[in-house]
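In the two assemblies presented below, chain A is common to both, partnered first by chain B and then by chain C.
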Partner chain A sequence: MIYIFVCYGFLLSAMMGLIASWVDRKLTARIQYRVGPPFFQPWFDLIKLSGKELLIPTTALRQVFLTAPVFGLASVILASTILWLNDLHASQSFVGDLIVVVYLLMIPSICIMIGGFASGNPLAGLGSSREMKLILSYELPFILAVLVPVIKSGYSLRLNDILAFQMQHGVMITSLSGFLAFLVCVLCIQAKLGLVPFDMPEAETEIVGGPLIEYSGICLAIFKLMKYMLLFVLPFFVIILFWGGWRLTGVHLWLGLLKYIIFILLVVVIRNTNPRVRVDQAMRFFWGTLTGLSSIAVLLAWIGK
Partner chain B sequence: MSVLGSMFKLTTFSFFVGVFIIFFTLVVLLYSLGSMRGQKNLPQYYFYIILTMLSALGVVLANDLLILLVFWGFLGVLLYLLISFGQKERTSQTAKKALMIVAGTDLLMILGIGLVWRLVGTLEMDKVHILLTSPTALVAYLCFVMAAFAKAGAMPFHTWIPDTAVDAPVSVAAFLPASLDKLLGIYFLARVTLDIFHMNHFTNTFLMAMGSLTIIFAVMMALVQHDLKKLLGYHAVSQVGYMVLGLGTGNPVGIAGGLFHMLNHAIYKSCLFLSAGVVEKKAGTTDLDKLGGLAQTMPVIFISFLIASLAISGVPPLNGFASKWMIYSGIIQTAKGSGHLWILWLMSAMFGSALTLASFMKLVHAVFLGQPFKEIPRTQTPVSMWFPVLLLASLCVVYGVFSKLPLKVFILPSLGQHVVFGGVWNSYAAFLLLLSGLFIGLVIFLLGKKNSKRLTAPFVGGEDLSQYPEMRISGTQFYRTIEDMVFLKKVYALAEQKVFDIYDVIKRIAHQSFKVLSRLHNGILPTYMAWCLLGMIVLFYVLIK
Partner chain C sequence: MSVRVQALLKSPWIFHLSTGSCNNCDIEILDCLTPRFDVERFGMLLAGSIRHADVLVVTGSASRKCIPRMKQIYEQMPKPCFVVAIGECALSRGMFIQSYNCPLPIDKIIPVDVYIPGCPPKPEAIIAGIMKLVKKTEEGLKNKQAV
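Moving on to the complex of A and B:
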């Protein structure tokens, strides 16, 4: 368990996330007719940040301000470990099920919010409140969408059951309901990652990074690392639910990598072809269109499509 | 002895509830030593608290429905007396309202007892088993459920709780609506649902629907409150929804989850109320617009409040998550049977949890973090006030991480059924992994910590914050976007007019009908004489016929 925790849960996920963020940045740059960063740029960023001076605002509640990133990172590592454990040993189930992962993946956002609140900066407070409203928005369609695999696999909340079901009956995404729910999930992941068009909590151009405005040095580095890891863990979760997971043997290794790359490409394309929306627009979009879509997916799953 | 034996009975369930009744009484007594200092009529206050504990114990030990009713009635009166210790403007109205709602539903309970007597001819709870086949049985069951709902504060009898939270002394709010009344209300609901009546599909669905409604409605109300204690009061309502929902699932894991949630709720909600009391004492107000930045002056209270708010929002690995997770599994299990509506219940439970998180993020910001409203002098909080808060907060962590412990000692024995967990949640392993994750984070943090640290002014684009008081974000306006949504706006407007307040609705209807009757009192003697004569004629006719 400790082996999987360190090697897969932390190191592999972090590495994949860093590579994915490079892909994201490079592609974005190419779309904007720029050259883009070299392959190791995310690594350099982290190393550079960890060598920088740590600035603490006078208004901040220091202990909370400094520890919030650490808690966020720990929760992502825990979620990623649970996913890997279930993915690698599909015959057994470990530590937590689908609901646990859904809730664990909410903690990073909570940590960002609390960190922002603790900085005592009004812009951070504003950004954090937007983050909370964004959570409220996407949570409704997201929960509905992740219930589709639950219904299809015979009402099991265990991730390994869902994986085993897909091994026997084909992946969820090939069915109509699975496909719809997958689409909803992709958009919710976009919001969970805080990427354009749902980046209003950070909105560099108006509230200067929102909750992250006061962060610098090693704390910012940890938050960045957490976000990079989320860039892997969230798609990985969706791939486990809808796309048969990622087995690390033979041809499945490359297939799994392909699935992940397709997912990241989707995210990058959405990110680069949309403007930032306001939080009330996002709310209407998630509570209206997407909730409707995922309700249809649930109904379809229920009648077995 | 045999008479006493048929009146009282110690079951594992009543033992479990009894232990926690005593525990919460001790916590509140300890807290009151600090919070009630210098108030009037203190001997009476402590006397009432002890008496409440004894009556509550009487309720859980009673085996005869009449005995239970008597103690239940005592509790209503004691609630009234205890609320009256508050020193707010509206305290007396609130006390009256609470008494009316609780005592009014006692009436329903008497009716239910009468019906049970008629159905089976005995009132001993361990001997009564009624199938819900006849309408009479159903009416009796619903009467009992209403009484339990009023006590626990589920909809539609919830309205006394937010008012009590504001107007009663905070120790009373933490003692009765937050912990003891929940324990008793849900205890009675569980006894009625599990022992006395045999549930069927209809009643299960009814309970789950009421639970879901309570969760969503109360949490939406909580979201827009501007007062710390009122907000907590609405959460005390919304959390009942989870317990009712859990009991309504009708399968062991859901029921165990509901009972576990009852315990967890009592722990974190009293912790939240007690910390609100410390805040009130220090800052002199619970208006969220006039608080802020208190974490600097009361770090212990802040950490406890944070833990309890994360627990109530269902963040793993705290205790709120453990019980909510069991309730979710219970709901999913109903899907395997014949429950087609499970997805509605699950959605309202899970989404309600996110809304809970939202309103507590608002509180954490508005009360403890964010920018201070005014300077609050650093004074020592008495040990008797911060220690109970810290104790309850640490219990939130312990019961979350070692959730098997309370389950094994208290809840599963009182249920007496084999519980099959649908999913996996190994809280202990998760906690260890989380600790290791924290270790990794800490190592990275320490790697960078060798660099220098510097204090700077917060960056707000070069503005001087002290010149712009409107730049202070108090947090009360966080969810304006939601309030302003077309449909919700109307609902909130209706709630503002107290359309959903059953007490207010009945009051209005009563006032209208009294108006008609008051016309008869026109002060003219001959009219009164005529009425008397008319009445006598009717009376004689009825008697002689």
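Moving on to the complex of A and C:
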């Protein structure tokens, strides 16, 4: 268990996340007709940030300010450990791990929000309140979309049962309800990752980094690492739910990698072809269009389509 | 010590501070970020907050009102860090050298590592100046290790 926790849950996920973030930056640069950063840029950024001085503002709540990034990173590592457990020791997975993962993947956003409020900066507070509104708006369609594979696999809340169902009956994404739910999940993940068009909590150009504005040194490095890991863990979760997972044997290793690359490309293309929306527009989009779509998907799954 | 400075040289994030310049130097700095010059290939990013920054890029002739703010900004920057002065005004106050409002050149207020002259300097000159800082620091680290 400790072995999976350290090697797969943390190291492998962090490596994949760092590479994905480099792909993201490089592709963004190429789309804008630039050269882009070298391959090891995310590694350099993290090493540099962890070597810098850590400043704590006098207005900040010291303990909350310092522990928020640690809790965020820990919850991402736990979530990715539970996801890898399905691949490596399927017998050790437990009933309800789907719910645990959904909860754990919500904590990073909450940690960013709490860290922003604790820093005592008005711009950070503004960014945190936007983050809170964004969490409220995207969680409803995301959970409705996650319900679709649960219903289709015979009301099972074990990720392993959902994977086993997909091995027997084909992947979820090929059915109509699965496809609709997958689309909703892709857009919710864009918001969970805090990427354009849903990056108004950070909005570098208007509120200069939002909740992260007062963070420096190792705390900022931990937040960055958390975001890079989310760039791997969230797509991995959706691939497990809708696309047959990622087994580490033979041809499935490369197929899984291909699925992940397609997912990252989708995220980068959405990021680069859209402007930032306002909070109210995002809320209307998530509570209106996407909740409607995911409700239709749940109904379709319920009648067996 | 050396690892963290080496990593810093690979990803110097820039914070841009204008202390009363005529905006020409500021426009040239923004030019460096455009596709034609693209400083992201050296790992440089424009940081929005001073707490994320490693390089303080100062332009302008440091007016009386700006001096305390510039000191404050420099103290808020997490160390280790570098300061780059860009343009004739930042180097020697340029045509404002006799002005009542510009009592001191910038390097008498905060320590400056690189001076990039010009009114305004070209983006090529700015990039060359910052790369000289990177080379100089790398060589300094190597010599220190050899001794």
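Convention: the second predicted complex is superposed on the first by the 298 of 305 C-alpha atoms of A that agree within 3 Å, B and C clash if a C-alpha of one lies under 4 Å from a C-alpha of the other, contacts with A are read in each partner's own complex, and residues count from 1 in each chain.
One rule holds for everything that comes next: contacts are C-beta pairs under 8 Å (C-beta built on N, C-alpha and C of every residue); 3 or more make two chains touch, one makes a residue touch a chain.
Keep in mind it's a predicted model, so treat the numbers as computed, not measured.
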{"item": "Combined model on chain A where chain B meets chain C, clash or fit", "value": "fit"}
{"item": "Which of chain B and chain C A:L134 touches, first, second, both or neither", "value": "neither"}
{"item": "Chain B versus chain C as contact partner of A:L55, first or second or both or neither", "value": "both"}
{"item": "Which superposed partner A:A181 touches (first chain B, second chain C, both, neither)", "value": "neither"}
{"item": "Touched partner set for A:V268, first chain B, second chain C, both or neither", "value": "neither"}
{"item": "First, second, both or neither for A:F117, with chain B first and chain C second", "value": "first"}
{"item": "Partner with the higher number of touched chain A residues, chain C or chain B", "value": "B"}
{"item": "Which of chain B and chain C A:R34 touches, first, second, both or neither", "value": "second"}
{"item": "Partner chain in contact with A:R25 - chain B first, chain C second, else both or neither", "value": "second"}
{"item": "Touched partner set for A:E214, first chain B, second chain C, both or neither", "value": "both"}
{"item": "First, second, both or neither for A:L293, with chain B first and chain C second", "value": "neither"}
{"item": "Per-pair minimum CA distance [chain C against chain B, superposed on A] in Å", "value": "5"}
{"item": "Overlap of chain C and chain B interfaces on chain A (superposed complexes)", "value": "50-55, 208, 213-214, 217"}
{"item": "Chain B-facing residues of chain A, complex", "value": "1-2, 5, 9-10, 49-61, 63-64, 66, 69-71, 73-78, 81-82, 93-100, 103-104, 106-107, 110, 113-114, 117-123, 125-126, 128-129, 132-133, 135-136, 139-140, 143-144, 147, 150-151, 154-158, 208, 213-214, 217-219, 221-222, 225, 279-280, 283-284, 298"}
{"item": "Of all residues in chain C, those that touch chain A in their complex", "value": "3-5, 7-8, 10-11, 35, 38, 40-41, 43, 48-49, 51-52, 54, 76, 78-80"}
{"item": "Footprint of chain A on chain B - complex, ascending", "value": "293, 295-296, 299, 302, 306, 310, 314-316, 321, 325, 328-329, 332-333, 335-336, 343, 346-347, 350-351, 354-355, 357-358, 361-362, 364-365, 368-371, 422-426, 429-430, 433-438, 440-442, 444-445, 447-449, 451-461, 465, 471-473, 475, 478-479, 481-482, 484-485"}
{"item": "Chain A - residues contacting chain C, complex", "value": "25, 29, 32-38, 40-41, 44-45, 47-48, 50-55, 204-205, 208-209, 212-217, 220"}
